[in-house]
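Once you scroll down, you'll see the structures, which are given as structure tokens.
You will see chain A twice below: alongside chain B first, and alongside chain C after that.
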Partner chain A sequence: MNQAAPAPRENQGDPVVRIDARLKVTGQAGYPADIVTANVAYGALATSSIARGKVSELHTKDANAVPGVLDIVTYGDLDKTDMPKFGNTGASSIGPLHDKTVFHDGQIIALVVAETFEAAEEAAMLVRADYEDERPSASFDSKGVKMEPAAGKSPMFKEDAKAGDFDAAWADATVKIDEKYSTPTQHHNPIELFSTTAIWQGDQLTIHEPSQNVTGWKVELARQLKLDPANVRIVSPYIGGAFGSKGPMTARTAIVAVAARRIGRPVRCVVNRMQAFGTQTYRAETRHRIRMGAGKDGRITAFGHEAWEVTSRPDPYVVGGTSATARMYDYGSVLTHVSLVHADRNTPGYMRSPPETPYVYALENAMDEMAVALGMDPVEFRRINEPEKEPIGGKPFSSRSLIKCYDQASEAFGWSKRDPRVGSMRDGDWLVGMGCATAIYPTAAAPCAARVRLTADGEVRVQCGSHEIGTGVRTIAGQMAAERLGVGMDKISVEMGDSALPPAPVSGGSISTASVCSAVMKACDAIREKLFAAAAGKGAPLAGSANAKLDLKDEEVVTETGKSAKLADVFKAMQVGAIEEYAEFAPKGSSPEALRKLYAGQSEFHGGENDEDSVKYAFGAEFVEVRINSYTREIRVPRMVGAFAAGRIMNTRTARSQLIGGMIWGIGQALHEATEIDQRHARYVNRDLQDYLVPVNADIKQVDVILVPEIDHQVNPAGVKGLGELGNVGTAAAVASAVYHATGKRIRDLPIRIDDLIG
Partner chain B sequence: MRPFVYERPTSVSTAIAMASRPDAVHVPPTGADTQFIVGGTNLADYMKLGVARPERLLDLNTLAEPALRQIRIDDDKIRFGALVRMGEAADNNDVRRRCPVLADSLKFAASGQLRNMASLGGNVLQRTRCEYFREISWPCNKREPGSGCAAMEGSNRQHAVLGTSDACIATYHGDFAQALVALDATVDVEGPRGRRTLTFAKLHKRPGETPDIETDLAADELITAIEVPLAQWSSRSRYLKIRDRESYAFALASAAVALDMDGETVRSARIALGGVATVPWRAREAEDVLQGKVLDEATAQEAAEAAFADARPREHNAFKIPLGKRTLVRALLETRDMKG
Partner chain C sequence: MSDAKISSGLSRRMFMTASVSAAAVMPLVNSPTRAAQPASAKPAEPRDLSAVSMRINKQTYNLALDNRTSLLDALRDHVGLTGTKKGCDHGQCGACTVLIDGKRVLSCLSFAVMNQGREITTVEGLASADGDLHPVQQAFVDHDAFQCGYCTPGQIMSAIGCINEGHAGSEDDIREYMSGNLCRCAAYPNIVAAIVQARDETRRA
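Here is the complex of A and B:
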């Protein structure tokens, strides 16, 4: 065991090495744009340079004259297809080539197809548009935005959470804070660019594209192109970073498919970094007002969380993180309200812990401010307000180990050595600050299917249409099969990322480990039963043993009393070469249609705050030290400690890796990431990695993760809580609290930069 | 990227002959049909973005003259060939020992990979990263003279507060040039009309009304070497770069400082400021303040005030004035505390 492979504690699995690690680091993993296909032509997008208006004329003559140009797909060419839809599988209802209306900056106005990538790019740059442009509304403060309540606008955000009599409690509170916070627009910027490769064989369409939802896309693309879904296949075996950006399908996929059909050749379109800002989704800009009232004893009596979020003109994308903030502590009374602000922007979408990251940032800042107002230690303040039951529905938590997380993280961090007085800790010219915050993420699962085959030689093949977005789910699914079937990891192969495989839900909401493992487990258990029945049958190697007492270990069926039979012999007795089982898993509380919907590409989520019996969340506590130069005020983060409890940990290596990745992402949230918008033109300005900063390896010093043991049998059969999106929740608030501790400046608007501290 | 012809001249004289044109002195190199390329880390980037549109590239990497690739260190000067890579100069122990500000200005620039590709000649000629310059759909006087300046009333957090004009406020982002301008470096230039040496301070031009004309070079002139005189101040010199991201980013503010001290008193100071000005920026007013004075927090502050007396902020970059001042104060005090 080493730092990257923490020794498993109770209810934690071995730090098995990723089964695709070697492939990835040696460049052998084939990402969708790497797939070799004969006679491919290249596509490049031309995009709008205004945010609102109409394309009055499109000039394609110069572009067409570029040697090698084969086709330009533009207005009219998509008329025989259906418009995209906004929802779980579709990023936006804007059909950019269906209609000459421009809804946002960087909207697709044409796709140029050419013999080479270079010719396509050059020609795309020569496509020019005349516009009837109108004055756009960029954001919250722009003229012409439309505001509406968010509740009911999205199936995932039905109502504003409320409890008790907030107004009365607020009026009576002895200590109050009433503050505003904001988070900026952020783009995922995965290192793997967005791409689509469309290949037709007769009526059959294959799309190679990085996707977090191959089944959903298959059905949605078939709808747009008016094809039988059976004739559409989405292939996405490896994904080089997604973070939600590759969850909903964008308009480009159908456009590239149409182009390929028109020219009768495969077409590959890799979108350049700049154009991704306008053609993909992003994290919506949010604003918050938090009112918190407490008694002198430190008990919160009133919690009010109002929020505003920017979305596009046509689509009501709701972030809606009040569902988590309202259930975090024992508040007494709760009042929340979320509003959508429609502006001339592309439609935002899911980005790693979409609701929690911005909303918990606001809440945890407020918690820190309240602790200061009360003169109380921030950890102690959270301990005092630890709830027995969640405050909105009064349901119990299926498990909640937050205080354990605080205890273990604060101990490892050395919180007791912190001098709480602002500006009191110093190291030469550097001001030292320490802060902490809570991480929370709902635990959900969705219906999922899997097929598992075990051969007489002990070879196992797992097939599941889930997606390896870098989290390690392929390894973990394999680990589950290896454990249940008693074979080594060297005997396991796992196929994922193809809509031809048994369907899995969208890889979002940190549901994959729970959903996939539960399905794989079910298929494996069916194989076990067949084997056990055969092994214990008349005349069989373990005749007379009770089924229930059998197990599989080291390619043998074993009994409690130490008898064993080789797998190969059991197969021989059965006279079969392989056993294959197909299993469908549906979480408790699933609707009768849940499994049918799985095949139709719709994921029915269960868990979080929506279950009858309990609310289900994973928790964590994060501690951060910052150093701020007393002259020039640059902020550095030399160390962070996070302790997290997330039910059964399948693999301590991949779990740690997700969590440190999340915490590092949190530093980006806190200090760097922000998409700048030209407020006059509603256009993105810093559309590349030169100006859109994210932390890189050299920025990160010490990050320690503690995996706190937790057992939860209620969440799902695998006992797993998702943790892929847990680590980056709360981090930015911990940084903000550390910055306050170092400087006395409370920065409420992210990112926190020198500009804020230098004045 | 538009198609271009790629050629590899084998000597300085053939390169300049190939680039030669009768009107060369009236054509800025960045607007010429034929342009030089070395590491390509700046030019190729701008070609992909459609900002630079040369029809012909002359790759200088094949030039045979060995001096172009050499760092020569004498008692009184360091001479860098124009093709020396940033990384090589940054890692040269003698350069570091004799004149730390040179090595640090390179070490804190870009990333390891870029420093291995990028040449010193290309480095000093790197063009601004103004976002509106980089994206061809915006009006930009530097890219398209007379079209306007989108940054002036736009997002201008990274823009300059010194040396700006009503036509352009783009920052000169390079780091090495700050050290060079502070140390009175000179540049050797060769063209069809002969050789010349100009002071580094003359190489870059303030935007004024013609921000498209960035340097004193003609379209067919080539930088062959950069020479830095060594003197009492060289070893007590430092480059301080303040940026949003520790690992690598362009400077929000930087200071190149070299001090010749007589005990606590400044005999003479050389100061340049980066990240805040439209060209490599020598802060002579600040130098004058310090001359003959004891260098302490108060005099350093006075020098910083003088350096930014003429600063003109826009909507988002006002923080650069206090930041620039504090950067200079810190750099001065840290340089003072170095061993002479």
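Here is the complex of A and C:
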């Protein structure tokens, strides 16, 4: 076994190789823009060069004159369609071609369709607009922004969390921290470009587009185009990285579909990297003020978290991470408040751990500052404030292994060798710093359906309209079926990423493994029931055995006492060739409409802080070593250790890979990523992969993951907590703490760059 | 040519139509296979089609392509080999890496017409007909050196180039010489481990 395949510990599944690994290393995995389509025409977008105002006139003559141009879709051409909606499925309420109002820079003003990609791009550059432009408001400090309380503006964020008498506790606190933190604008930048391919056959529309929500998109696109959802199909079997960016459907999908209908040919539009910054969603910049009061004993008596988030003019997108920070430790009192700041920007959207990444960054930084103020070890400080129950609703945690995570990670990291004095650890020209932070992510699940078929030959086909965005969910769903049906992985095929399959929820919020596995398990268990009843029936191979005592292993029905019957013989006795079961899973506490809503493309999440019985979270502890060159201030991260407890681990290989990826995302957040904004024009400046910095191979050295065993039967039938978004929560704060330890400089605004450490 | 140096509002392709097209057809003029030359004596217009012949995965392809067509788009849209991926079209991400005459090249920054007579290898050309994976492909499977898999063809082609160049001597070398290939899922530690394994196997072979 190599490092990529950790030996499973208690309640952890085998490091099975990805079911689609061979396809991915041979170039045979078909991503949506790879689908070979006959007679396809190419689309290219033209986008606005102002951020606020109106298009007074659009000039398309020059563009139309380019040889090979077939059509230019622009204002008026979408009038027979309905406006996009902002919400669960739709990225924004802005319908760029429905209305000549410009809400943000880089808003779509036309789609050019041509015989070739080259002609489409050339012509799109020749589309020009005259504008009645107004001075835009770019961000927090711009004149003309509108600020409002976030609570109640979005169904995702109903109220500001509070507990106890913060003001009194704050006034009485012996040791106080009152600091401001900020996180920058970030774009997901998956390496796969955004694309839409629209193919009409009569009234039937097929869309090939990378999507984290094929069922939701089917219903939403049908609404916009006034079609029967049964006539719309979204196909997205492989997705080249998503991180949230392919969850909400943008306005482009309907525009490309309209273009294809107009010219009577399939149209493919691959959005270039630069235009994606304005036409897709992103993580908006945030600001935080944290007030923390503690006694000399290290117990936190007062926690105040105020935050501000940027959104677009029309849409109240809010992440509201105070719901997690307010429940993290055993605070004596809590006061939180989140504000939304509407600016002339495209609507933000969810990006890997949307609330936790910015909010926990602020909290964990403050935790380190408070530990320093108390003269206390940062790990010990967290241990002292470990809660019995969450402080807001007084509910227990379904399970909470944070201290175990700290113990195992700190030992592996060698935390005891850290000299706490600032600037005390040095290796030649390099200043060494060590820091740590907590990772937290809510555990949720949503209704999900799956179909499983088992044949007499032991072949298993699993069908579920979930999405393989790189998480390994296709493999894990197959593993679940292989385990429940007692066959090898070589007998398993798994179909995903198609709205024609049984519906699954949006692949967001780290819910996929829990939701999909629970549905697949239910379908498999129904097959088991049938097989066992047949195997134990009168005159059957295992006649007289009790159903409950049977199991499936190695393509046999086996009894506790060691008797067995071949699967083929049981099928023979049943006189069938295959058993197929369709199962629907709904999490405990689901509304009576939850399953109906699943088919309507709406994902009803359950879990996190919203359940009656307990709050459900996965936890982790991350330790980081930084080295800062004493002359150049170059910052390196030679090693990181993260320990995570997330209930049942289905596959230690894919779990480790996701957590490593998350931790490296955390390095990116700490040191690299920021979308720069031209404040005069409300325009993104560094709109490509050369200037939008992400970690490259040379930025990363040793990254170790410890999968801490944890059993939690409360979360869902599969016992799984999601971990796709857990890994990058807290990392940036651990880096910031390590930078402080090395240099004595407390950098509260991300990313931390060389220039922050000079002087 | 770096796109960052072109002022905004002028795309790479516009820039090419303005200034690079003459250079782009140069290899045709110098080409040993004279049949590939345009019939007319007048200089080719940017939008003209040019005949180009190249070997892709040991098979000859004769194509008529817009002079502005990148090798990447030729592979994907004209030859139907979609294993090679487009991640930026600007030479910044490495997803489109292929081997040209054995050397790793970003196919988005190479005009198809510049590759007259060249030998192109894409990810589809690596696995042998009997189904055995190339040692680098197998190592990527063994070490879970990808998640979404989108950058993987480029990583694999680049890794082959990196090993062939002798730049896989140490893990630090591998990190440095693989840093032109972005992996947003951040499988970097696994990619390094995979290349070490493949390097050792290649040396033994």
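Quick note on the criterion: the second predicted complex is superposed on the first by the 759 of 759 C-alpha atoms of A that agree within 3 Å, B and C clash if a C-alpha of one lies under 4 Å from a C-alpha of the other, contacts with A are read in each partner's own complex, and residues count from 1 in each chain.
We adopt the following convention: contacts are C-beta pairs under 8 Å (C-beta built on N, C-alpha and C of every residue); 3 or more make two chains touch, one makes a residue touch a chain.
This is a predicted model, so every value here is computed, not measured.
Peer 1: Taking the superposition on A as described, I'd like to know which of chain B and chain C A:A600 touches: first, second, both or neither.
Peer 2: neither
Peer 1: Touch test for A:V696: chain B only (first), chain C only (second), both, or neither?
Peer 2: both
Peer 1: Quick check for you: in the superposed arrangement, does A:D755 touch first (chain B), second (chain C), both or neither?
Peer 2: A:D755 sits against chain B, while chain C stays out of touch.
Peer 1: Now for A:A230: first (chain B), second (chain C), both, or neither, which partner does it touch?
Peer 2: Once the two structures are laid over each other on A, A:A230 reaches no partner at all.
Peer 1: Quick check for you: in the superposed arrangement, does A:A7 touch first (chain B), second (chain C), both or neither?
Peer 2: neither
Peer 1: Quick one: classify A:R273 as touching chain B (first), chain C (second), both or neither.
Peer 2: Only chain C; A:R273 stays clear of chain B.
Peer 1: Just checking: does A:L671 make contact with chain B only, chain C only, both, or neither of them? Give me first, second, both or neither.
Peer 2: A:L671 contacts chain B only, not chain C.
Peer 1: Mind working out whether A:M147 is in touch with chain B, chain C, both or neither, as first, second, both or neither?
Peer 2: Neither partner.
Peer 1: Between chain B and chain C, point out the one touching more chain A residues.
Peer 2: Partner with more touched residues of chain A: C.
Peer 1: When the two structures are overlaid on chain A, which partner does A:A168 contact: first (chain B), second (chain C), both, or neither?
Peer 2: Neither partner.
Peer 1: I'd like to check the shared interface: which positions of chain A are touched by both chain B and chain C across the two complexes?
Peer 2: 49, 118, 121-122, 125, 688, 690-691, 695-699
Peer 1: Which residues, counting only chain A, touch chain C once they are in their complex?
Peer 2: It is residues 2-5, 17-18, 20-31, 33-34, 36, 49, 67, 116-119, 121-122, 125, 188-193, 238-243, 270, 272-273, 468-472, 653-654, 656-658, 660-661, 664-665, 668, 688-691, 694-703 of chain A that touch chain C.
Peer 1: Where on chain C does chain A make contact in their complex?
Peer 2: Checking each residue of chain C against chain A gives 2-4, 9-11, 13-14, 17, 47, 66, 68-69, 73, 76-77, 80-90, 92-93, 95, 122-124, 126-127, 133, 137-138, 140-153, 156, 174-176, 178-193, 197.
Peer 1: For the complex, which residues does chain B have touching chain A?
Peer 2: Residues of chain B touching chain A: 1-3, 48-50, 129, 131-132, 134-137, 150, 153-155, 157-158, 240, 242-250, 252-253, 319, 322-323, 326-327, 329-330.
Peer 1: Can you list the residues on chain A that touch chain B in the complex?
Peer 2: 49, 118, 121-122, 125, 274, 429, 629, 631-634, 636, 671-672, 676-678, 680-681, 685-688, 690-691, 693, 695-699, 753-755, 758-759
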